[in-house]
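Heads up, there are several structures right after this.
Okay, so chain A shows up in both of these, paired with chain B first and chain C after.
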Partner chain A sequence: MKLPVYAKVDLTTGRWERFEISQEYFKKYIGGKCLAARLLLDLTEPGLGPLDERAVIIVNTGPLNGTGAPSSSRFNLSFKNVLTGGIASSNCGGQFGVMLKRAGFDGLIITGRAAEPSVLEALDGEIRIRPAPELWGLDAEKTQERFPEWYGKLVIGPAGENGLLYASAISGERVAGRCGSGAVLGSKKLKALVAYGSKRPEIYDREAFDRFILKWIRFIKRHPMTGQSLPRYGSAGLVNKANATNALPTKNFQRGHFDEADAVSGETLTETRLIRNSGCVSCPIRCERRVPVDGRELKGPEYETLGFFGPNIEAADMDTVLRMNWLCDIYGVDTISFASSLAFAMELKERGMADFGLEFGRTDKLEDILLKVVNREGIYSDIADGTKRMAAKYGGEDFAINSKGLELASYEPRRSVGMGLGYAVANRGGCHLNGGYLALLESVGVLSMDALTPKGKAQFTAFMQDALEAVSSAGCCLFSAQTFVPGVFFKLGPNSPVTKLVGKVMPHMGPMVALLLNITPAIAFNSLLLLPHAEALRRATGLRMFTGQFLDLGERSYNLERLYNLREGLTAKDDSLPKRLTRDLQDPSDSRTRVPLEKMLPVYYNVRGWDAAGRPTRRKLRRLGMEEASK
Partner chain B sequence: MAHRILENCIGCGACARACPVHAIEGAAKARHEINVRRCIDCGVCGMSCPVGAVQDASGKACARVPLKERKAPVIDVELCSACQICVTFCAAKALAISEPRFRGDVEAHCVLARPDKCVGCGVCEAECPLHAIRMEARG
Partner chain C sequence: MSVEVTYRGALPELMGVSSERLEAGTVSEVMAHIRKTYPRAAYREAKRMLIVVNGESIQLRQGYKTALSEGDRLSFLPICGGG
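After this line comes the complex of A and B, so read on.
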């Protein structure tokens, strides 16, 4: 069994050393965000600020990264969340991870602060830090152009340099968007990381692995979601779906429906702008949209970006969205947190609480304001700090749409209450993916589990969170898990009696799902229909890895991140949502159109094996084999 | 092991331009050097060298092979998933993903778009997870 090799780099001294992951850690934590959470707990002292010189940022891969497994170019960044003070993990599909592995490193553990803007080069098994003041100030695109085209690159834009709390890191045209990874790298004066090497990742049983990959990719290609819907419309295809179920955040989450939303829908994007679809390297799904921006063919927007630069600011101008998407990427700005902060600023103006020159429905000043925010000019510096800090200064906590400080994604939780629970408990803050993405089962997918009942939501959330954590830790894209919803439902359609019946039954399946999570040792088999990643991991690493162990991996990851948050001072009180979502009814005539967090949270803690204060119990940690992690 | 460039190298750079893993460096008209950590022993440097200055890993001198006589990839388009791994690792930029036939076309596969650029290194064949690429003699 080949154990992962990391490089531990101190930017202050410019020194680095090889850091081998022990067999015990590899078996328990595998890689990606799970292993990174464990390393952050081990290697950082409690209470350190996210931008402190001694703060650690881990850039790492999972065992499946770069192996040829489908959608396996996703690498991970874990660090102390700049917006929440808890943990952050941010996932990116650029080529940096694949090339890092070929350079001979499974991950980088970076601490310290360089004296001047620097570049970290990971080339052929060696690390070099070199000053590169000439790159400071360049946007992400121009920065990357300064390196050989074949390198894997991870860079920050001016937003990271200027410490926007939600600055992103960029690899190619892919973005590690959320939680402020760009601000952390900027605080370390690390403008760019580049990697290159030619060593193919070792596979335990290459022949058996390749045989399985063939079956898996065929399965993905034949599945209606990953073989048709995602390639055809990308994630953008969710705009019209969410709008139809009143789950499309509109006007800073005041409503869930926008009459003009179709103008910024995936269908419109495909019909009027799409040049071609494309994808991250190794991905057969190919959900990327290639679109024209300023006469060039560039990456198109994801669903969240369409929603936030569209309906959530009460606008529906596709060209504005395309352009803002590109500008945010090259400046290194998270589109979700930035655009959500804009919507909050617009509502502050509407209520006469603050005036940033922003109004709902107006898009003409957005570019100008983006630049001011990136440069932290005057009052615009407040927008660079996100909604939680803006609300602390100007008021409006009830409608500052964040959880723990991280802005929510583009799913209105009052029409997807399980998603609401997920946003509230997610370790990294208001994130749909870390939150278990129940919106897929409640409001934007083919199945329609009653979106307004709290019943069964806690159990499904825990299950989905564990599954998604494990997929990320393995090194694959979460979209590769979308085959989990059986293709037959897509063929029958959302309105067929069978699909509807399953939707009706699902809320009652909570106890079954909870039971499943407690009998994981008994799930000693793998199936394409469940989580194929487990079988790929088994064949790639030689580890005993079945669906049950795979779910355990996810649960370990989730609990480690929770332990990190608790250590850094977050408590059950932070598992919350703004009152607009928990108190105010989206539809005044329907008392169920709010997030009944108070009903779901205790059940969730119980399902998780946490105490009433949301702390993992000793028993739970013992079961996961990581009792010592809480010390 | 790795390939090696001998003293009779004339520094023309043909090997460096052809190397699929960018393992060869050297100033113009000076002896070039192969980065042994990076070399994958594909032999393209030897096939490209006009003066026979390249030795393979076993110490045997490599013979020059004109492009036309080198193998080139044949792609099984039924098997190909358009995952772009081969395109990414094709340093010669000979491979590409097929153009959409209409707006919104989701069918795609890899194509040998610029056969004249292909150096015959076989990296695409080795990297393809589906074994959808075979290196064959050029027709």
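After this line comes the complex of A and C, so read on.
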């Protein structure tokens, strides 16, 4: 079994050293965000600011990255979250991860601050830091053009240089969007990281691995979600679905439905703009949209971007969304946090609390304002700090739509209360994926688990979080896990009595799901239908990896990140949502249309094996084999 | 009741129309119309889709029994995913 090799780089001194991950760590934490969380706990001192010179950012891969496994080019960035002060993990589908591995490194542990704008080169087993002041000020597209086409690249745009708290990092046209990775790299004066090499990742049992991968790819292609829907509509297809269940955030989450949403829907995008679909390296799903922007073929928007530059600011202009999506990407700005901050600014204006020249329904000034925010001009610098800090200055905490400081994704949780729980407890802040993505079961998928009941939501949230953590740590895209909803439901459709019955039964399955999470050692089998990633990992690494161990990996990851948050001063009080979502009814005639967090949180802590203050108990940590991680 | 029905996803290709005006009192009657008028494959596909009346899923109303009023707008939309 080959152990992962990282490079530990100090930008202040310009020195680097090889850093081999121990067998114990590899077995327990595998790679990606799980291993990165453990390393952050080990290698950083508590209380350090995210932009401090000694802060650490880890860019790493999982064992499946670059192996040819489906959707396995996703790499991870973990660091102290610039918006929340807790942990951040951000996932990206560009070529950088695969090339980093080919260069002979499974990850980079970066600290220090370069004296001038620099480039980190990982080329054929060697690391070099070289000054590159000429790149500073360039956008992400132009920066990447300065390097050979065949290199894997990870760069920041002007937003990262100027310290936008939600600045992103970009690899090709793919983005590590959330939590401010661009700001961390910018603070280190690291404008670009490039990687190239010719090493092939080692596979424990190549023949068996390849055989399994072929089977898995066939399965993905045959599944209605990953074989038809995602390639045809991308995530953009969710706009109309969320709108139809009142779960589409509208006017800064004042409502969940927008009459004109179809103008910015996935169907409209496919019917009127789509040139072709495309995807990350080695992905059979290919959910990426290729669309025309300014006469060029570029990457199209995801669901979140359509929702936030559309209904959430009461606008319905597809061309504006396409352009803003592109501009945010090249300047290195997270579309979710930025557009959500715009919606908050619009509501502040509507209530006469602040005036940034922004109004609901108007899109004519957005480009201009984006530039001002990126350059931190005057009051626009406040928008660069996100909704939590804006609310601290101007008021409006009750409708500043973030959790822990990270802006929520585009699912209105008052019509998907399990998603509300997920947003509140997610380690990186208001993220749907880190929150377990229950919206898929409650309001935007083919199944419709009662979206308004708190029943069963804590258990399903914990289960889904663990599964998604593990998929990500393995090095795969979370969309590859969407095959766990059996294809038969898509064939039957959402209105069939069978599908409806399953939706009705699901809230009552909470105790069963909790039991499942407690008997993971007994789940000693793998199945294509559940989490095929476990079998691929087993064959790639030679580790004993069955579905039960795979879920344990996810649980370890979730608890490690929680431990990091607790160490940095976050508490159960931070597992919260703005009052608009927990107190105000979305539909005044229906008392269930709010997020009953107070009912779900204690059950969730209990299911997780945490105490009443949301701290992992000693018993839980012992079971996960990481008691020492809490010290 | 005269209602406006829009077909999205794979339906226009299977049916040869992308929208039409119909007389129907419930969603079931619209389904019956599709079964009678269009190829079997179109009906099968329609059954798998998300059906929306005036922007709201019939799952939030009475399913196929959802009553329709004069001028209602019905859409058949594909089920999507992602996140």
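The criterion applied here is as follows: the second predicted complex is superposed on the first by the 631 of 631 C-alpha atoms of A that agree within 3 Å, B and C clash if a C-alpha of one lies under 4 Å from a C-alpha of the other, contacts with A are read in each partner's own complex, and residues count from 1 in each chain.
The definition used in the following text is that a contact is a pair of C-beta atoms (placed from the backbone, for glycine too) under 8 Å apart; a residue touches a chain by one contact, two chains touch by 3 or more.
Fair warning: this is a prediction, and the values are worked out from it, not measured in the lab.
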| item | value |
| --- | --- |
| Touched partner set for A:237, first chain B, second chain C, both or neither | second |
| Contacts of A:70 with chain B and chain C, given as first, second, both or neither | first |
| First (chain B), second (chain C), both or neither touched by A:196 | first |
| Touched partner set for A:592, first chain B, second chain C, both or neither | neither |
| Contacts of A:146 with chain B and chain C, given as first, second, both or neither | neither |
| Which superposed partner A:440 touches (first chain B, second chain C, both, neither) | second |
| First (chain B), second (chain C), both or neither touched by A:95 | first |
| Chain B versus chain C as contact partner of A:278, first or second or both or neither | first |
| Per-residue contact with chain A, leading partner among chain C and chain B | C |
| Which of chain B and chain C A:615 touches, first, second, both or neither | neither |
| Chain B/chain C common contact set on chain A | 232, 271 |
| In the complex, chain C residues that touch chain A | 8-9, 47-52, 55-60, 63-64, 75, 77-83 |
| Complex contact set, residues of chain A against chain C | 224-226, 229-230, 232-238, 240-241, 243-246, 257, 259, 261, 266-267, 271, 287, 302-303, 432-433, 437, 439-440, 444-446, 448, 478-479, 482, 490-496, 500 |
| Parts of chain B lying in touch with chain A, wherever the complex brings them together | 21-23, 35, 37-40, 79, 81-85, 88, 91, 97, 99-100, 103-106, 108, 126-131 |
| Chain B partner contacts - residues on chain A that touch it in the complex | 67-70, 95, 98, 124-125, 148, 150, 196-198, 200, 210, 213-214, 217, 220-221, 228, 231-232, 270-271, 274-279, 281-284, 286 |
